[in-house]
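In the two complexes below, chain A is the common chain; its partner is chain B in one and chain C in the other.
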Partner chain A sequence: MPRLTYNIAMVSDFFFPQPGGVESHIYQLATKLVDRGHKVVVITHAYADRKGIRYLTNGIKVYHVPFAIIYRSATFPTVFSFFPVFRNIMIREQIDIVHGHASLSSLCHEALLHGRTMGLRTVFTDHSLFGFADAASILTNKLLKFILSDVDHVICVSHTSKENTVLRAALDPVMVSVIPNAVVSENFRPRKYPPEPPAPNNGFGNATPAVHHLGPNDPVVIVVISRLFYNKGTDLLTASIPRILENHPNTRFIIAGSGPKSIDLEQMIEQNVLQDKVEMLGSVRHEQVRDVMIRGHIYLHPSLTEAFGTVLVEAASCGLYVVCTAVGGIPEVLPGHMTVFAKPEEDDLVVATGKAISALRANKVRTEKFHDQVKAMYSWDNIAKRTERVYKGIMGDIPEADFYGYDVGNTAAWNGESHSGVRSFALIDRLKRYYGCGVWAGKLFCLCAVIDYLLFVFCEWVFPRDHIDIAADWPRKIYHSDDDD
Partner chain B sequence: MLTAAPHLHVRRPSPTTAEFTVSTYPRNPTPALRLLLLAVGALRLVLALGAALLLYAEYWTQFFTLASYQQSNLWLLPAAQHEFLLYHTPLGRLAQEVAARTPSWALVPACVGAIYAAVRRIHVEERLLVLRGLGIQTRSTPGTILLGGPTRFIPTEKIRDVLINEAFWGFGVRYILVVVVEGEEGLVVVFPKLLPRREIVEEVWRGVRGCLFDEGGVGEHQQFHQQPEKKRRFKDTKRRSPTKDGKKSPASVKENSGEEVRDRS
Partner chain C sequence: MAGTGMRQSVVGPYSTLTPAAVLPLDHLTTSPRSSRSHLAPEDAFNAASPPRRSGGFDHSSNNNNNNMKSKFGSRSRSRRRKRNWKKILWVKQSYPDNYTDQTTFLDSLQRNPRLQPYEFWPLVADTTVIVQQVCSVTIFVVCFVGIFTERVSPVAVVGWGSFATFVGWAVWDWWVGQEGEDEVLQRQNSHRSRGAWQPRQDGGSANSTTAPTTPSAASSVTNLGSTERTTSQGNLIAMRSQHGGSVTSLHSNVSHTSRLLDPQDGLRHRPSSPLRRGRATLRLSTIKSASLIYFTILGLSPILKSLTRSTSPDSIWAMSFLLLAINIFFFDYSGGVGVKFPASLSTNAALMASTVLASRLPSTGQVFSLTLFSIEVFGLFPVFRRYARHRSWRYHVTLTVLLTVGAGGGMGLILGEGEMDGLLGVLVRAFIVIVAMGASSWWLIGLQKYKNAMNGPWDQARPIIISRRQWEYD
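Let's look at the complex of A and B:
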């Protein structure tokens, strides 16, 4: 039987040329899915000089939709104005699955709504955590609930993020999968790592890189790379640096990143006269991150909230010992021997950093092994495989019991409602789901869904399906390796 | 009913010349359709003449009496013909009557509209003429039958490339055939009005490249439109021939992207 492949549309407001985590996630995932024989198109809005249709390496087609940008300033009209273009793209690319990214991207929300209206399977990946208290969060959560009440499957980057999303959008937890981010470990090699990667599958122990001990008088260098915002814990950092340096004088700090809190850091440096011990680099480009990281021994991450923390994986991959706050999804990211956890408070952070410095001084931590271990844990190939499994599950190509992992026939245990991931496209069923969103919101959402459906019927009439050209496929890759492991 | 979906007609008067015509004129009109088109043409002629007569009557009744007309030098027609037209034919009298009764703010726009409708082209036709060694010429029909079509000639040495691109057009995405011209900011879009479907665009693209750059592989689509006496003149190299299932070969897809963007984080 030939391998099942799908035509997938990744939709997000965030894509290259703008740099960022979500952007590179989409790109890497798309690349690996193409390697597995799928067809992937990316739909995003037009950037300044980036309009129209482009191809990236590996045959990923990117639609920079210029239409969406016209109404960017106003949010509500956008809900429907994107639909005709979106429908055209879906038909010409023969898309089966719409995969939206990032909960702050309105393009993604619209695409998921329209995709359901058009009878396509939809997946949503949430890359961030949100609170429940402030007004902005409440609004975002309502919007998310609207969109996610009719999505086929949700992917979160960590279990904490899953819990958060399930609560915010009132989802059935079986509909939510956890698939973390990954790193391209070749781009994050430690300083003395052999340039040729060792042959795969020879275990960790066989090709151990040379042990590099820290001499008694060598300074311990602590690296911090983060945008300097409140939620990244820059205040904690500002408070702890003088105390850490007081306890461990033979220590240096390298801080990379920029943001509104950088002024506080600079003040702290001035007040405590730490210019020779704390180096501030300003913002660095993503490809320079590795060069900054390999200058240090410890990576300090004082963030107050974090859905996943890809930077921790990158730091460990560069052979840095990681000190981080145990918040959000961070405790899930790395195994215990690579990290020292702290509570998100000043005292504990100082203590934890002290512990890490002592451990390094005692040469107890085998940081040179981290790279290979991280490489084995996080790879985009693996992410793509797991994402593909989600696609198969929602397309009904693997049995539901396999996909959801429990007896799906036993509906009584689930209040008799269908929790099956293969959700009905019937308008009345969709309306039922939307209606449950709230007293007023439910009715508003129903109205939106109905208008969207009418717009769809109108489009089918004005721009008939058979007048739309089918796009030429990039030659598909054939994926040989079998993926039953 | 009177027009058809855009379709392609290829003419190759000599081995180094090819003309690609995309037109909405029905390809094989039945006698009934021909008659209908003829009738519509006649109707349009009558409409145009009637509207012109009305306008003339309006012009006259607005500004002149018969006597003053004969004295004035603002004649559109000599006096004898004028008098005959408006006073001695039943149609002329009717036109005068109508012009006198209808307010001119309604009559003039209605007449202008009627004349525009009468001279507007029903069928759109766009041509691309390829001459090896010389260049290519695009030509498209204008909106009305009164003007000749705008033509544009691009000499070979100015042509950097001919390629198929995808572009957002209105509420969708279209395949367009474009010519990259040296020293110009924008691209020259071939068939800008009709924007034919992908099959036609691809066929024209293969034909143009074959004729202009003497590349092989005219393409198997062509056999549907070729005249019987037409023989394949280009050697069929594997490189350019389309793949079996009618999808585009990698080479042509690559061409499609225009410039390949290499984007990495």
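Let's look at the complex of A and C:
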């Protein structure tokens, strides 16, 4: 039986050339899915002069749709104006699955709505955590509820993120999968790691890297790489550094990153005369992160909120001992022998860092093993495989009972409706789902859905399907080893 | 049916969670869940969600319980029972990615964690601050109408107003003086006890004498005073804030003194001497700035008089209504006594309203009176009210009653004709105030049942930072 492959469209406002976590997530996932024989196109908005279609490595086609950018490279939410172009791309590329990323991307939300109207399966990946209190969150949550009430499946990057999304969008938990981020571990090798994997002819000669002990007089170097914003816990950092240095004089700090809080850090350095102990590098590019990390022994991450914390995995992969605040999804990310957790309190952070320093001084932490362990934990191949399972599930290629974990036939008989996992495309069913979103919002959402449908019918009439050229595909890669579990 | 019971019990008035919310799942799990205080996954749907099956895993009714259990368990439970699911990402677990663990899902969700249920009478008591502000604004408007219709002499308004302000200031000054002395003593005690674990302070400074510290404290007071005087040369708003600022300058003075004094353990005699001197300076500067305000307004009155001559009266009424509404809505009702610039938007709006209203008046004397009166009412009176509330609840209530009577009587007089109308106004006003206080409190308590704050690990953590103070002030 031939392997089932799909045509997938990844939609997000956030994509290269802009750097960032979501961007590289989409790229890495797309690459690995192409390796598995799928066809992937990425749809994003135009960045400066980067308009039209570009090709990336591995035959990923990127559509840069020209749209106005309003805030932090998110497009203006026009709801419907994207539809004609979107429909054109979907038909050209014969897309089966629309996969949107990032809950602050309006392009993604629009694509999911239009995708459902066109009768495509949709998946949404949530990369962030939101509270329920402030006005911005309330608005985003309402919008998310609108979009997700008719999405086929949701992917979250951590269990905490899943709980959050389930609450925010009132979803059925079985519709939400947890698939973490990963790192390209080849890009995050420790300092003394053998540079290239040994040639295949000398067997498994991958010798364990040399154990490097910390001498009694060597300074412990603590690395901090984060954007210097309030929510990254820079205030905690500013308060803790003098105390850590007071307790452990033979310690150095390297801080990379920029942001509004960097002025506080600089002030702290000057007031405590720590210029020779704290080095501030300013912002570093993602490919330089490894070079900064391998200069240190401990990675300190004082963030106040974090859905996953890819940087922690990167740091551990570089062989750093990780000290981090136990917030959001962070406690799920790394095992206990790689991390020291602190409460988001100054005292606790100082204590935890002290603990980490003395553990390193006592050479109790086998940091040289971290790289191989992390490599085994997080790889994009694995992520792509798990994402593929989601695609199979929503396309009906995995039996529903298997995918959703219970007897579906009984449920259907139970309340006369197909269960919430398999979403019917019939407009009336979609309207039913939207209507439940709220007293006023439900009606508004229904209106949007109806207009979207009319727009779809109009497009079908004005730009008939058979007038749209079908794009020629790259030859599909053939993926052989499919070791199930 | 269990499912409906679950839905109804999702949101209770002050409930953390009723056991009923987790009851329907009992037949599925072996562990007793009735003691749990968190939600089941199904509770993520609220009652308003679209009609669908009642839950993820509990669609069985009790009669085919065993049958369903086996079917259900065919996937997620029994077949993969060998290892328990863990909430971690770094190991490959033998569960599908969309597996939802019934026992731990939403374990850390807290609902209304910091809910303090309101009680009726304290709430009613708290509304008095709002009543006071509304009544002050009413009195101001009444005075304006009185002057505008030439029923009241502007000199009488400003005369009584100024007299009341002076009395208020004297009382306030007395209170502040008392307070300051108490505070110095208290701080000394607390600092002495705290000195035990502050290693920096018990060191070398114990030998130093009082002589260098006292003058420095005094000079800091005069410095504060002089800077205030220089800043207060400008507009009227700065004038007002100067008075408000004098409270804080006194406070900072107090804290300054105590901080300078506290290392010297032996120093206990005459802690208030720099304070007294400071207060004398302060009084002097207050009188100076008051006279400055007086003469500035006097000088500005002719200009203010013709300020809005070209604007139609309707716009002025609408605008001043809006501005006074802003004053009421943005007033700092919660502010304590030491707030530096309490609700500057509110005060500025009120002063602008008074300026605009004053420009409608025909004579310079009237303009002057109204402007001065507005500064007294909106700038200085709140300071006094705050202190009165801080000092004693009885003062506060008395003041509220007086203001209500004044506002009601004034309204009656300007709307009606004779003195009986004034009395009627008082009665009507008192009735409205009491009803409004009760009704609004009752309404707020009623609204509490809609409160549904959800907190969990996804919320941004609040960092606890202690030593910031240390490096900021050293």
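Things to note:
Basically, the second predicted complex is superposed on the first by the 450 of 485 C-alpha atoms of A that agree within 3 Å, B and C clash if a C-alpha of one lies under 4 Å from a C-alpha of the other, contacts with A are read in each partner's own complex, and residues count from 1 in each chain.
In this section, contacts are C-beta pairs under 8 Å (C-beta built on N, C-alpha and C of every residue); 3 or more make two chains touch, one makes a residue touch a chain.
Note that the structure is a prediction, hence the values are computed from the model and not measured.
Look at A:V327: by the touch rule set out above, it reaches chain C but stays clear of chain B. Contacts of A:F130 after superposition: chain C is touched, whereas chain B is not reached.
Applying the stated contact rule after C-alpha superposition, one finds that A:F458 touches neither chain B nor chain C. By the touch criterion stated above, A:Y47 is placed in contact with neither chain B nor chain C. Shared-chain residue A:H159: touches chain C; no touch with chain B. When chain A is checked against chain B and against chain C, the one touching more of its residues turns out to be C.
Of the two partner chains, chain C is the only one touched by A:G438; chain B is not. On the side of chain A, the complex with chain B involves touching residues 16-17, 19, 23-24, 27, 51-57, 62-63, 65-67, 84-85, 88-89, 92, 286-287, 463, 468-475.
On the side of chain B, the complex with chain A involves touching residues 165-168, 171-175, 197-198, 247-248, 250, 252-253, 256-257, 260-265.
Touching chain A in their complex are the following residues of chain C: 41, 44-46, 48-53, 56-57, 59, 68, 71-72, 74-76, 87-92, 94, 96-100, 105-106, 108-109, 453-468, 471, 474.
Those residues of chain A that touch chain C in the shared complex are 129-133, 149, 153, 155, 158-161, 163-164, 166-167, 170-180, 231, 233, 235-236, 238-239, 242-243, 268, 271-272, 302, 304-305, 307-308, 325, 327-329, 332-335, 343-347, 377-378, 382, 386, 389-390, 401-407, 410-411, 414-415, 417, 419-420, 432-433, 435-439, 485.
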